[in-house]
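These are the structures, in structure tokens.
Okay, so chain A shows up in both of these, paired with chain B first and chain C after.
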Partner chain A sequence: MSGSMSVAGTVEAAAQVVLVAAGSPLLVGVMRQVKARLEGRAGAGVLQPWRDLRKLLRKEAITPDGTGPVFRAAPLVLTATALVAAGIVPIATTASPLDGAADLFAVTALLALGTVALALAALDTATAFGGMGASREMTVLALVEPTILMSVFALSVPAGSTNLGAIVNSTLHEPQRVASPVSLLAAVALAVVVIAEAGRIPVDNPATHLELTMIHEAMVLEYAGPDLALVEWASAMRLTVLLGLVANLFAPWGIASADTAAAALAALPLALAVFAVKVAVLGGALAAGEVFMAKLRMFRVPELLAGSFVMALLAVAASFFLA
Partner chain B sequence: MTLESSPQEAAAPRHERTIVDVTPAELPDRVAALLGDDHRPALVAAHHDPDALRVVYLFTAASPDRRTELHLRLDPADPVLPSVAALSFPVGRFEREMHDLYGIVPRDHPLPRRLVRHHHWPRGWYPMRTDAGPPPDFGDPEGPYPFVSVEGRGVYEIPVGPVHAGLIEPGHFRFSVVGESILKLKARLWFVHKGLEKLFQGRLPADALPLAERVSGDTSVGHALAFCLAVEEATGTQVSPGVQRMRAVLLELERLYNHVTDLGALCNDVGHSVLNAQFGRVREQLLRLNADVTGNRLLRGGVLLGGAVLRTLPDPERLTALGEDIAEIVDLALGHTVVADRFTGTAPLSTAAARDLGALGYVARASGVDVDARRDHPFTDLRPTLRVPVFDTGDVLARFRVRAAEITASIALINDLTCGMTPGLVSYWPPSTAHDGPASGVGIVEGWRGTITHRVELAADGTLTRVKIVDPSFFNWPALPVALNGAIVPDFPLVNKSFNLSYAGNDL
Partner chain C sequence: MSDVTYVRLLDLACGAFLLAAVLVLWRRDLAAIVRLFAIQGAALAALVAVLGVHEGLDGHGAELLALGAGLAVLRAVVLPRLLRRAIVGGDVRETEPLVNVAASLVVAAGLALLSYAVTRPVVALEPSPAVRAVPVALTVVLIGFFVLVTRRRALSQVVGFLLVDNGITAVAFLTTSGVPLIVELGVSLDVLLAVLVLQVLTARMRAAFGGTDLDDLRELRD
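Let's turn to the complex of A and B:
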């Protein structure tokens, strides 16, 4: 790889991070607006999540009595992992300078690290809701992680690499693969676990005020002010990264993958715009689906996730037999 | 033994109230005999007379409408009566209430601890006694509340409330949980005990009516009507059948908007917000209809002493259209597999438990207990239109379907009642309410939550000396932890909503 390519890659990766960081609250805003309109409400507008973040950032930081460094570090760890994931996942480019780390195992572990940090912080508060939320989140995480690994692994078999950039490039060169049984099974499995990982209906209800039914929200009940802003912002970025991963694994068109630095940089604005549209469409579809869906009984969630794991497993099996 | 017959016109339903004076020694046998004769305890009220503490036990039975009062006089220096908690669970709770507010000691009560007064209330100060005086300093005489702690591997406690995340009333819930399964739930109430019954004392009934309307914000017609019926019985006021039919219309309008709210809230609690939005749309139309009919969205001001006022009548076609709208949304909800799955089999209350606890209203009717004061203790004859839907599974689904069926029944009733009715103000309340000697009266109404019972006593000058209010929530609260036995924590908000019990009506 030439020097000019790595400079271009750095610019592209930085653009990715900026897009995700700035755009993820807007994605949340779009999703809330879609839900509001479908329910017959006016909605607060797509900028509301940014306004909320601004409000929270202006407040003073408060930590509950008896909490330690784990509680204070968790929002930073969560935000950092989300930003790093935004940099290495193939969003606008497959030529990120962190490409070597853009391994599916690394990305999965990175996202899990953020979740675990938050769960530990919830335990650190020593409140009943924190412990309850952490326990539920770990249950979901334990079922989600294998499915993410399996479904991306199924896609990596034809590409011959577990590097996400390589998988996306391989799909770009052989677009007919998207319609294969392997790809379809993996897409469904991945979609289910993305919903679970992002804490959306039918697994979790991000809009509820009922503490006893919460999963993700129960863990962050004790956060306030700038810490809460970080947690909310990181959650939005994780949702964006996960939706972006799904979008680019199964419909990578538009991503900047040119061979020369100049061409890659020229393609960057278009790549970012296409990505934004793809994620907005996926998010809007997710929100529209949520309107017509109810939340599953907690004990049915493992059944749903086990089902998605089986599909991911079938995808892996099919990728060997149908290759 | 004296016999009072309520003086009503020939067309109105008749009932008898039998009053029996008993001694403490006779009480358990009398209560056992009444319970054996299909009576249910409707109300137990203590009174502080100048020379004695007096306890009134009101038992009621259906078909024919029978009301029996046991009057018991106690020495104020040593107010002890034999507990009948072993015979009737609800009476046991009334006894604890009397103990807290009047200092009447139920001997051999199985659970003799405080109910109404929280632990920081001073010992030996009984606020409902006439000589109670201003409250002394509050301290911590009883120490922390003795929650039963469940012990074992992996058992932990979740305390919730009394301040909650939503706009709901205060109550503290203590869950003992292993994993997600509820082993035990303790609901602590009476955070909003306001001394409401004491506020009634010394007022003229007309001045007390606004209080009765505000016992529980969502039950203004139910409580106002029960109060009016009780006062009218005490004063011997005759109310025309036409007025009673106007009141019945208001009662059904209240049932309608509350049931629609609950159906929406149940859908919202399983995360199906668009069904809630649709029920909310219908609810708003009903509230506007209420405003057209009474000038108040919550139907305040519609029930008057000796009368009622309807500005307009609900349009039958509009109501029928709303009913079809509701039925369609209900079908959408029950046709949704996830919603139906969340409702079905969740927190069943067995028929036996509902009967033993004395459950009322839709909670009882969802568990196969066929009680409805509109039929059992009618103030106006609603036959043949009145239908009382009963389901027997006792789960959240049954409580949802009972409400849906009652909405249909209520719309049929309103359309039947308003046929040929003229709107306007009708009142038979005499300007002078003085009469000869003290008098008492009982009002029983099937509010939207269940049977509401009021019992009033009037002095010779027409002022109220004692008002006892029993909201169905007082009977139904103990059923909630029973139904939740073995349920999972994340289902609690849904189950709680399916009961939707009043805190204000319970705490008084």
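Let's turn to the complex of A and C:
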């Protein structure tokens, strides 16, 4: 029984990784298309990010003079952490064979590892923009990580475990918990930090180059060709994983959590489809929101993130107040 | 109403009540602060109404429902409208916090933990769902005091005063099984009068001195 379960779990985890790897550029495409339509432009089409990646992959790999192994390894580390995160986060299944590692701390640390690798690479180039981007990214990261931990803590108090799969399962069994103030506060806090972590609009503008306000783009300015393709692909995957995490923590319906291997495998295609729809809806809403918002001044960003931290802390406190 | 729904609705109203108070610290825009105050008034009214429906619609519960309706009219409609009129008259649109926003928010989190710690004996007296929510109401009182201390515009000080009052009202309804109608009427009238007086005072101050920054007013000489 447990043997066949783990085989089924492996298949499901592999399907998750493939879906995220293939689907994340499409998600970016959908978001750009939504934005373009709302701004009255025709848009480049949903497939454009994949075409960009293909174009970049065919180019020659170039590294700037004076950069070392840190610069060359960073895209690989970033992509690897994103792929592993896609495998262990409960996206389509809660029975992944890596379930023991699907701990809240492990996932947060994995995502932070990718960010730190990229920041080190930006410092390695020794350009002004790279250093500036790295310092800003570290500022944002230092404020984002505690909030992610706190808000998922708030959800793990009623579930009694910090394992993401266990949290999702317990929400599936007690759906009325989603409407509690604990869960609502945590949802708002997590949404804000996901926007910050993914470098979307009130915090960072993903659509511009060479602005004095940019964060993520400033770090990857020196990358070209296949390396740039890897960085962009990994960024898209991180966005997908983070949006998927939000979707499945607060609306886990459709995820495959059957007791037998055969039933779990049968539920897999539906689970993958439901996940794709959920993430596309969240991404579309995010893009639509971006059209109506301006980027915050860099000095106001800590206020926004402090606010989301307080909400996460109140969510944890409320899970004791109102238990 | 079943017990589970009652607890959910009560918690939801308390959550909205607390969140509105925290967001008052977050926003600088005076108009947004007044909107948040209106939302908090509505949450307080919903809280009282939920308690009323739980008591049963005959007798005491009906009285609570009537009180809830009265609170909604006063705190979600009348007081915010008065405050908004005070903004429209002035040229100042943003608060000037003495403590910056990020630090204020962290202080708010600390106040929440403090009120949880100090209300534990009260909660231990009768751990019903309503009494368990008392720390939320006390947090709002403390945040109101914090707004009074750290915000310099006269209008944001009025909002701080009203936050304290909202919090005290919530404590009263959560700990007792309901305040007598006549007491609540008296308190509400007092609050309304206080806000009217403060509004007239603010308008007079602006007409005489041109601004309502309380630190400048302290240095006035004739």
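The rule we apply is simple: the second predicted complex is superposed on the first by the 321 of 323 C-alpha atoms of A that agree within 3 Å, B and C clash if a C-alpha of one lies under 4 Å from a C-alpha of the other, contacts with A are read in each partner's own complex, and residues count from 1 in each chain.
The definition used in the following text is that a residue touches a chain if its C-beta (ideal position, glycine included) is under 8 Å from a C-beta of that chain, and two chains touch if they have at least 3 such contacts.
Bear in mind the structure is a predicted one, so any value in this text is a computation, not a measurement.
Once the two complexes are overlaid on the shared chain, A:Thr260 sits clear of chain B and of chain C alike. In the superposition on chain A, A:Asn205 makes contact with chain B only, not with chain C.
More residues of chain A lie in contact with B than with the other chain of the pair chain B and chain C.
Contact with chain C, but none with chain B, is seen for A:Phe321 once the two complexes are overlaid on the shared chain.
Applying the stated contact rule after C-alpha superposition, one finds that A:Leu38 touches chain B and leaves chain C untouched. Within chain A, no residue touches chain B in one complex and chain C in the other. The residues of chain A lying in touch with chain C in their complex are 176, 179-182, 184-185, 302-303, 306-307, 309-311, 313-314, 317-318, 320-323. Chain A contributes residues 35, 38-41, 128-129, 131-132, 201-202, 205, 207-213, 291-300 to its touches with chain B in the complex.
Within the complex, the chain C residues that touch chain A are 4, 8, 11-12, 14-16, 18-19, 22-23, 26, 100-102, 105-106, 108-109, 112-113, 116, 129, 132-133, 135-136.
Those residues of chain B that touch chain A in the complex are listed here as 156-160, 165-166, 180, 267, 269-274, 277, 281, 336, 338-339, 341-342, 488-493.
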